[in-house]
Structure formats: structure tokens, C-alpha cells
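Chain naming follows the written order as A, B, C and D, and within any one chain the residues start at number 1.
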């Protein structure tokens, strides 16, 4: 990497990209990027150009010598890359809207990364990621793949299990969001807070919380069960937890845990939203439209503040921090998705987990947790089972395996309903599921 | 045990007892019981006398020298016992009816051994079992405790974790019922069928099935997904499985798995039943009443055929077989609830599992399964988490721990609903939950 | 297997074969063998013919319709076999004599299955076994491979790890010898004794001992530490154990444990023997010569009593019992070498162990031990490490890996000496180690 | 700890103390110690006073406001301490000389932390450490115990297993010595080198080595097998490794591994030394005498350069670094002895290991290694077995358990010799082994 860093961002036309650009600019002194390639597909060409122009303006304003390249040719871009970030969305927000709307017709949570929606996002995404992995092996075998594409846990599981790539990290902004939320709830500087994260992506727990190195777990739990406080991600409901439940659980759940511990309430909210403001994808579509209008403004040469509403807060920090720590062999601690390797006792060693890691030039080294408390453990294990079967379905395109994944998902309450949802979603997403070649038996 | 075997049956007034008597009579040559003590509590005195008289008539007819003793004094009975069987029901069928009716008001499965009902049966039963364990340690420390009282898995977990008793086995008729069902579906003698059982009580899978030692798993799966076949326990719905789901699962679920893989359909059935014929407890109450009328008949000196409708088929076989194999050090294979000890890889070594064991004089030795297939594993692990937290709640009487158990149960879909169900059930069962001394915060 | 059983014995010219024949004859009613193929190589042709003739006389005398075939064409023999037993010795007793004599020159135990000798027997044997495995896959894919060839543990490890064959069992007469020794020491019928065996081949422990199902472990330990008693295999020294050591160990070691717990004394014995009566191989060579003289006698039509001196006592029982139980799906318990699968907690699931198993038509199912006591465990783990590295060396023919195996063997006390022994033995056994193609750097 | 740090050093009269003082002085800005208590026993009073005076001169010269207290009253010193370091030697160097001389009479390695000597140092030390633990629980329950007393691994194991103290870390200078040795051999700044350490104390491996974050393991292995290079601790022989062995091992052994992989050569060196210059203890006795003469010099107010010959190089750095990182919650990585917690797969979670940890205010959090390579693993597991049995013997004073530990130690080659060595050493160290109350049966 001596001659400057080359970064390739697949899905470069994403509305999140300006945050990433901002993060690279801020860290330029430590992280001297010389080339940034933004890659997208034909359907995303217009967005890519809007984002690319904005990126160039931001970089020019910052006065850092980063060359921005825009391309629809992924393989051209990947040549000799040092880091590849992936943030694409197969089928765009339209597909997400289907993931959200179809399940609720059957009384089942419709969500991007959980339940049937999470399964289908995985089925659409994993084959593409595995192709990218093959390209990386061929074109830039020393590069690190930093994946943000959801479902990031299932995707990391699939890469670990079905690709030869070793240098892969899955990344999510949920842990950093939890840390920020805790800092804000406790009214202290985030840098003074340390959280012991462990679990799976979108199913991560804060096992302990420290302020200046001293555990404040009990106070955080009290604060978070206080209805006047709000500790959740912007894009997840702020529905309050039952205080005695959280006290007994004794660890900090993430926002997405609501889909499992408050299923009824979340479903009610989703149905209500679908009938009024629209599902999250539909809301985001509008936000994105507005964002791109703003991005088009040739005067704009910073990340516009409106991006924060989009829901990807701290995304830039998480991503740039990770790349920076790998590049500079920082040995600092960050929560990422990686091979468990014994860090969490009740998850197999060869499975992907989201856990605090020491970040080195050789990648993340997970910190040994011992185990997740018994009450929290079972759900994590069940989701891990689901992720493994879902990954297999994504790779094989096998109908029965997909039905198995759907049925064992804890948000789906019936094998018959599972089949109905599966069939409707297979038909709806047909275009993006070429691996499912068997005619759907509807 | 040289001077003849002494067996103590706690809950001796149960309607099941005649089957047990029949089993002992049939095996008398191998299993020379000299004393059989039937123990019950004051509230069950009348039933105990009816059953006791019938037992004596049956034994007299059979011409075997077994002395039957009836008593309300458990400690008197336990003195120097060789085997203690437990089949009592704290709160009788009235309590079970509440376990069934209260949850469905909240849209949650109401069932004796699963969901909120299973939790409450555990909360009522575990303290009593642990007292019996203490009595055994004191009065007959070499005796084996053979527990049939439900929830048998949670009860075994609690005894292993919270008592000093080592000689305990949990027993259920589900595995033998599955074997019989398979034999019947395949139209062969049951003795030619062997099933590799592994899982938890009421959550056991048949991992493989052999006919004369050759695997016929695939044929059994095809047969069981054939809607014309029925392989389920009498007291569980015969709702058909989705064939592709079972094929992909690749192992044989038990009847109780329907509560998890067909939750919606099972709930609908329960609601329908509650509104028409009554819940299972209410149906059984009638059956029991009729049974006891029959038992009273002084001419009756055999197990009446009507008992089979009660739902405890093969119960006698399972129980007597187990006692016989322990007594005679048979080293045969039976599925029982015992300490895992590595037999199932994804369950902690110190947890109770239901798994095939070699039955010896020193107790059951589990057979190493390796692991349950990944798709089936997660649910098993989640229920094990639940059982552990539920056992702790039963022992401590801690409100928050009970709420935790209720909320993490996969059949309960909301922490708020969990609290409501918990509070209503704590109030309803107050009489049988002396350990919950904190005033319920309703 | 409906049309009668076909058994193929590779190394059929072994002096042990008459015992096997006797075992088959005794069990004919249950185990209706129609064809028995004795296979050997050119160098063993004469012995094969002597044994073959004796076998035919024994079978004729017994009046059972077993067809005996003699052949040097292994592939012809394997066609459609039901069971393949392997009992060959690559390099014959001459090679064993080298395994015994070379190490003692360096002050290291020289023994057939332990230390440098065990390593070299493995290096010579494993490639041949793996070729046989390939033939079996092709010619009789449903056959069971029952391997007696030493080092049986390392061979089983290699087959599990480097072949596709699943139907393999490793067999040794040490456990049955221990059981017989215990019965004899306690002066009871062997059938009343049950031993919980667990460990590795030639490193197996009796974790508990039962008489009629009641533990008599403490008495057995007292008896075995009594200098007047002798509980060891015929072909291992009867050197007495230090009583307090065995009491503290709390489990029953096998005879081969003396090589590790009494290394100095065993080495002294070996040196003494080498200088006087000859090493064990040299003694056995004489015994074998005498045996074959006896076998030649055309009047002889039973297993001659002199065979028992050879050291393979109970070999026939172990082998025929195993085949019988597989064939008849007996579900009885026998100690064999198989995939651990969780049976012993401190050994990886995918490694070969020697442990009590339930023997079924689908093969042995190990019984879960939990764990070997901490004091006994470390040595077992170390030998397992050695076996794995040794297997790898045998398959790869890699010099460094062979040196690694030699150096980490606990009987070898120096990396420099390891290299010297390795080089001398590689040269001495060159003919039988075609995989070691690199010129030895002496 | 707001009002300044109080450190208590038990065994304060040790010749190493000046290095510790120097380390505290250097770090004063970050680690504001206000009180340093040097504690020793009556027999060490004179040395304590020499060291105490030197310490005061050093501190005065440095101009930092650390109050030095000297005392023979351990409990007075411990009151409200923040850190307790232990570096005492029960029986002084005389006892060590016996640990070294007695075993070699039986042809067994005589060494301070390995073999019989390591066992006896453990037997003498562990009861004293456990008493200190009780005092800490009572007098300064929030203090961290940082133990340097050898055998540091066995001592940490014993504290984890037999004390209630949770805040304990075991420390050794071997890993930092390896890192320094590697840096020197590769001729780079130590700060650019990172080593993945994992194993046990005095049995730690460098699993990988990085220069500026890039693996240089292969080059390091080549360099270390180059006879012209020397990478070993000062107080361990520099005997060269067999290059092909180290290449095949594929990880970096520590100096103490020579006792296992070069036992013969090390024993020969020990015997030679014992007959000429004296054993290591005897050499050190002279060095210490000289050192204390130097320390007495009232002009001396720095750590004298002669201390480095003593063998404790980098000791100060390791100790002060650890305390500093705990105090300042640094989250940096240091190799220490702590509870495994899953970090090394093949060691039980509840055992002490020496492994890279993230050092926080809440103590060290081990980094998940996955596993030690198979070839290196077995020896580590065997030593862990030994350490566990040895710890038990130290706590119980049970003769048989001590014999068991002695016999299973891989450096001891015979149960009979084990008994002889045990008996002679029990007699020789009688004064310091009050827990062994049974009369030794010699």
C-alpha cells in the first residue's frame, strides 16, 4: 500500500456516500487515499453521477489529493484495490418495500433485515457478494472487503462459509449508535464510554458499559427503562421497554431486539405506517429523492445536514474508523462482524458474530466474551441457525431450504404461512433471484 | 435391593396409576416388587382410595405378592424406597385449565408444558419436587427418582441444578409414542424400529429411523408428510405438516413441535376448543370423572380400556421399562431426560436433555449424537435458555426472573403482554406459588 | 446382505487368523458367512497357504458351509464384500524389530505402537490402508472396514481424516483384556463385569468398573496395586504400579500406559531383552515360526492352544463380536475406535477415540463420557496431537512433519535426537516408505 | 483511587525491586503513586532495609512525591491498597537450590518452574498466596493483585480456582523478552513488532509475528533457527533449536520450551553446571550478594546496571505497564496470565492461560486465538493438567495428589522415581510445607 491507498466503493451511488467522503477527508492525514472508485450499475448511473460530482466538490473544497473515479465497470475498478466497501442494494428500495409489505399481509413483521424481509434481502444480496468476492480474489487479492450491505450478519456468514476470501469484515452502525445513545442518556462524552458488545448483527447486546473504565451497567439500565429517555436508532421505533424485563435481562439490547421482544407492538406500528405514511422503504424513497435534489446543487460542497435523517448516523465514523485502524494497525477496539473463533462460547467457532475486536493490519481479532447470559443466549442461537440456513438457501437456490429458513425464523408463526409468504415473495422478487430456477409451486 | 423392591409413587391417586400397576404385574418375574406405596395429598384422598382398591384387585387377580400401601404421609412412604416415581399435579386439572385459558386471552398459546402454561406448571411443580428430593436424600438416599410430572424437561433441569440428588431420570411417553406412530405408519412391528432421539422434553427430534438397522428416514418423512397418515400423540392436534418444510428439516419432529412451527393454527384450534368442547384440561376433567366411575366398580380387576383415551399411551411401558432396566442393569437403549454430558454438542454439558441412553444400574448414560442439524438446533437452544431461566424463577420466586422467562419464551410476542399474562397468572395460581412472596404489582 | 455374508481378511496369512476362524465358526448361527476371502501379498504367499489349509480343515470339521478363498488379488477379493478386516503388517516382523532396536540406541522406548516405532508403523501402514479404502469405495461401498492393524488409533484417525470412507471401525484387544484381567483379579465371571472405557487406542482408561451394575472401582484399584496381582496384557511387561499413584489417578490405566508412567523401567527392560532374549518382534518371530510348523500339521483342525502365547488373546472375541453386532444390529456395548462426536469432552469431535459404543447396523455410536479426569486427560490430549501430526506425515510424506511428530512424542526427549532417530529409521524402512521421496538429509 | 495510588509490594526486599521503583518513577505523570509499601518477612528484614533505603534515594533523586513505607506487617500495609504486587520467594534461594539439585540426582530436570522443582515451588507458594488473597478480600477488596511469584501460571490457576478474588493477574517477563529478542534478531525497533502470544506461563508460543502489522513469522522462524542468532532469556540456556523442527512447528516457542523439546541436552547442561559453577540458584545467590553490596552504597540513587545480569530484564516494563494500563483504562494489548474464557479453544474456559489481553480498568480481557496449532497443543494441555493437579495438591496437602502431579509431569519418567523424588523433596522442604501434615512414608 506504499504508493497511496486505493478504495473501491461498490454501490457508490448510494445516498450514504457523502458521509463516507466526509469521513475520508477528516482522516486524510492518517489515511492518505489517492484513488476512490465509486462503482454502480446501469440502473444507478444517474445517482452515481450526482454523488460523484458532489464527492469531487467536497474533496476539492477540502484540498486533499484524492482522485475520484466513477464507473459502471466493477472489475476495472477492483484492480489492485486496497479496500473494497460494499453498500449496494439489489433491487433498490422498491424491493425493500416489497420485503416490508408482503409479510404484514400474513400478520408477520415486514422488515429489511429481520423475518421474511431479512431472508429475501439475503437471498438477493449473497449471490452478488460472492461474485464480488471472486473478483477480489482475482483482481486485488490483498484487499479488505468491508461490507455494509444488509443483512450484514448473514452476508458475513455467507462469505466466511462459501467464499475463499479471508479478508472480510461486516460493519453496522448499530453498536456505535448504542454507544452514542448511552453517552447521551448518561450525559457524558462518548469517548469516556466503553461497551462490551457481543451477539450477532442487529442482534447485538451491550454486556457491560463502563464510564472511564468503571462499570455503570446498572445505571444505564435504569436510565434506559426510564420512559423519558430514548435510546434507539433513528430508523427503529422508540417503543419503550418493559422495565422489569430489561432489569432481569441484565444486558443492553439493541433497537432491533424490539422485533423479537415486542413483536406485537412492532407489527401494529408497521401496519399503521403502511396504511398511513408508508413503510420505511417508502418513507426513505421520499427522503432519498429529496436528498438527491439537494446533492444536485452545484454549490453544495459539504455533507448536507439533511442526510442525518436518513438513518445512517455514525455510519461514516464506523466505516472510516475501521479502514483507518486496519491501515494503520491501530490495535484499537471496534465492534465488527467477523469469525467467532471462540469469542462467544455458545456460538460455533466458524460462525460470524458481531463482537468487540482488536483491529489490526491483519484484520479484526475478537475479544473473548466467555458467554452471553443464558436468558439472552437462546434467541441469538436461534437467529444464528436461521442465518446459516438462509445463507445456504441463497447459495443453492433450493426451494425447500428457503422454506426451511422461512419457517424456523422466530417471527414466522406457521409452516403453511411460511410457504405462502415464500411463494409470494419469490414471485415478487423473481428478477433478482436468478438462482431460484425451479418453477415456484404456487 | 436384595430383599425385594420397594416402589413409592407420589401422586398415586392419578388416573394413570392402573397402567403403571399393569406394567409392574407384567414384569413381575424380572422386577420382584414387594412393596408399592401410593402417596397422595389430603385433597386427593378419595381418588387415592379408589385407585388403591383397584390396584389391589388387579394385583390379587394377577397373583403376584406385591403389598400395596396407601398413605398421605410422604415421608413414611419414602423410608428405604428403591424407586420413587412422581406423577402429581400441583393444583390439579383446575390449575391446568387456567394455564390453558389465560394465555389465549392475550393471543398466546395456552398449553400445559409450553409457553406461559408450561412456565406456570414449572413454577408450581419445581418447589415441590425439590422438597421431595430433600426427603429422598434423607430417607432413601440410594433410591432412583423417576419423574413423569410435567414439564418433565424443566423439572429435570431444576433437579440437576438445584438439588444434590444425582439419581434422577425424567420420563415422557412422547418418544415411545413417536416410535409406535412410525411403526404403525410404516406398518411394521415396533420392535423392528429404532429411532435416534435427541433434543429436549416435548422438543425431541428423531434424527434418524432404522428398520432392522437400516435407515428408513427418507421413507418415514415421506410417509409423515402424506396427509392420509397421522403420526402424533393422542392429546396433540393432528394438524398436517407442510411437506416441503419437513423434507428440508430432514429429521422427525415430535407432536409438540406444532406449537412452534404451526403456532397460528394451534392457537386457532385452542380458541375454537375453548369456545366449544372446552380446553384440554376441561375435556380431561370429564374423562377423568368417567374413569374414576369405572375404577370404582368392585368387579373391575384389570386396567380398563377406556384409560387409553386419556392420552397417556405407552406411559406404563416407558416407566416400567426404565425401572426394570435400571434394576436389572440391562444396558438397553431408552430415550430419557438426563444430564447432557456432551451427548448433544450444542447444549451445555450440565443441562438436561432428552436423548437415547444406555440404561444401567448406575443410571442412564447418554449416547453421543454429535449435534442436532443446524436448522433444528436454534429452537432447541432457545427453549433450553427458557427452561433455565424458568427453573431459576421457580426456585427463587423472583418476579423479574419470572417475567424474563415469560418474555424470552418464543410463544410470547411482547414484553408488555408477558407482564400482563404473568400478573394475571400469578394472581390466579397464588395458592400454589408460596415462593412468590412479593406483592404482585398489578 | 441377504444372500449370506462375504468377509474379506486382508493379511489373511497372519498367525492370528485361526482365532478369527474359530470365532466365525462359533457364531455361525447368528452370522451366516458364506464366503471368507483370505488376501495376502506375494511375500506372504506361503503363510497364506498354510493358514488357508488350516482354515478349511477347521471349517470342515465344524460342518459350517463357509467357502474359503485364498488370493493375492485384493481387488478381486473385495468385490461386493460385506466386511473387510485388515490385519496386515507392512514390512513384516523384520520391520517391527527395527522399530524396536533403533530407538533404544538413542535411549528411547522402542515399541510397536508407541514412540518412534509407533510413528514408523503408522508411516508404513497408513498409505496402504488409504489405498484399501479407495478400493472399498469402488468395489464394495457398503462394506464395513474393521481394522486391527496397528497403530489402530492412528490408522483410524487417518481414515477418518483422509479417506471418504465412513464405515470404519478400529479394534484392539486391550479393553477386552482389561475386562478379563479385572474379572480374573476379582475372581468373578467376566460377564458380570462392565467397564466404562474411554481414551485412545493403547491409551485407554477404565473410568469405572461395575460388578452386576454396582461400582467396584475402588476395590479393583486396591486389587491392581496389590503386588501379588497381575493385570496386564501378555505382551506387555507386568511391572508393578506405584500404589499411591494409581489410587490418586482414580481410574484404571491399560498396560501400555506403562510406557509413559514407567518409561525408565520399561526402557531398562527393553534394553535387557534386546541384549538377551531379543526384542518382542524377535521373540514373536520364533513363536510364529513354531506356530506355522504346528499349523502345517494336516491333522490339526482346531485353533491350537499354542496361539494364546502369541499375545492376541480375546482378539477373536473382539473382532467376531463386533462384526456380529453390526450384522445383527445388536445395540450392545463394545469399546472400539471411532469418531469422538462429543463422547469425550476434551478431545475434538472429529478425532478418533477408543470408547464404549452401542454397536448397530449403522455402526458404533459412542456413549457420552463427559470427560476423562483432569490428571489423566493431558497425556491423552498430547498423544492425540501426536497421532494427528503423525497421520499427516504419513499421508504427505513430508520430512519436516515427520520430524515434528517425532519430536512432540512424549517418549522422545530431544529435537536433535528426534532427527537422528528419524533419519536412521527413514533409511532403515526406506523400502516401505515410498511417499518419502525427498532424499533424507543425513 | 482519586486521592493517589497506594501500591503494596509483598516481597519488597527482593533484588528486583529497584527496577520496579525505576518503572514507577518513569511513569509518575500517568501513574501518580502516593504510597509505596514494601513488605517482607522477618528473615528478609535486612534486605528490605537495604532496598528501602535505595528506593528512597531513587525517589528523592527523581523528585516525585512517593512515600515509601517499609514493614513486616503485611496486613497493616494492605489496608486500602489499590495494587498489590507479589514477588516473594518462600524458602529463599536455598529452597530453589534444592529444587534444582534433588531432581537431577534422579536424572530429572531440576528447575525453578518446571518439573519437580516447579511443583515444589508451587506447593510452597500457593498457600501463602491464598492467605494474601484472603487479606486482600478483607482489607482492600477493590485492589488488583499483580503476581510475579513463580510458578506464575500455577499460582494464577490456584487463585482463580481456590480464592474468591476476581481481580488477579499473573505476570511474567518471558513474552516481552521474546518480543525484544525478535526485534533485536530482526534489527528493528521493538515498538514496530507485535506478537500473538498464547499458551501457558513459561509455555507460551508466539503464534504469529508482525512488523508494522504485516506478518513476518516465516522470516523470524528462519532467523531463530540460524545458529548465529540467539533468541532466548538470559537465565535459560541458549541451546540451538533443530531448524526443521521449528519450521514444522510453525510457531515461536519460548525459551522454557527447551525443557520439553531438548530435555536431554538441558539435563546434561544442568548436571554439568551443578558440578562446576553451581546451579542457577547458587549462581544467583552470588549475584544477589554482590547486588546487595552495591545497593548498600549510600551514593547509589539509580537502578544499578548490574541488575540486568540477574535475569529479570523487562520485568519493570511488564509490571509497570500493566498497572498503568489498568489504572488508566488504556485498552492496550499485553500478554498476561488470566482466565481463559474461550480465548484458547483447547483449554477449559475456567483455566489460567497466558495470552494477549486488552488491559482495561476492569482487568485484562483475553483476545480470542481460536486455537494453538495441533502439534503445539498437546504439550500445553498436558502441562495444564499438571498445573491443575499440582494446585490441588498445594491446597489440600494430600500426599497422593502430590504424587499424582509429580508422576504426570512430562519431565518425570517413572512413578517409582516420582515417589522417591517426592519423598526426598517433601523432607527437604518440610519447613515450608505445613499443609503436608501426614508423615511422609519414606
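Basically, contacts are C-beta pairs under 8 Å (C-beta built on N, C-alpha and C of every residue); 3 or more make two chains touch, one makes a residue touch a chain.
On a predicted model such as this, the values are computed, not experimentally measured, just so you know.
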Chains contacting each of chain C and chain D, listed by label: none
Where chain A and chain C are represented by their mean Cα positions, the distance between them in whole Å: 55
Chain A and chain B: spacing of chain centres that average the CA atoms, whole Å: 44
In chain D, residues with contacts to at least two other chains: none
Touching pairs among all chains present in the structure: A-B, A-D, B-C, C-D
Interfacial residue positions of chain D with respect to chain C in the complex: 107, 241-242, 244-245, 247-249, 261-265, 346, 374-379, 381-386, 388-389, 398-401, 403-405, 407-408, 410, 413-419
Touching residues (chain side chain C, partner chain B) in the complex: 194, 196, 208, 210, 212-215, 328-329, 331-333, 340-345, 349, 358, 360-362, 365-371
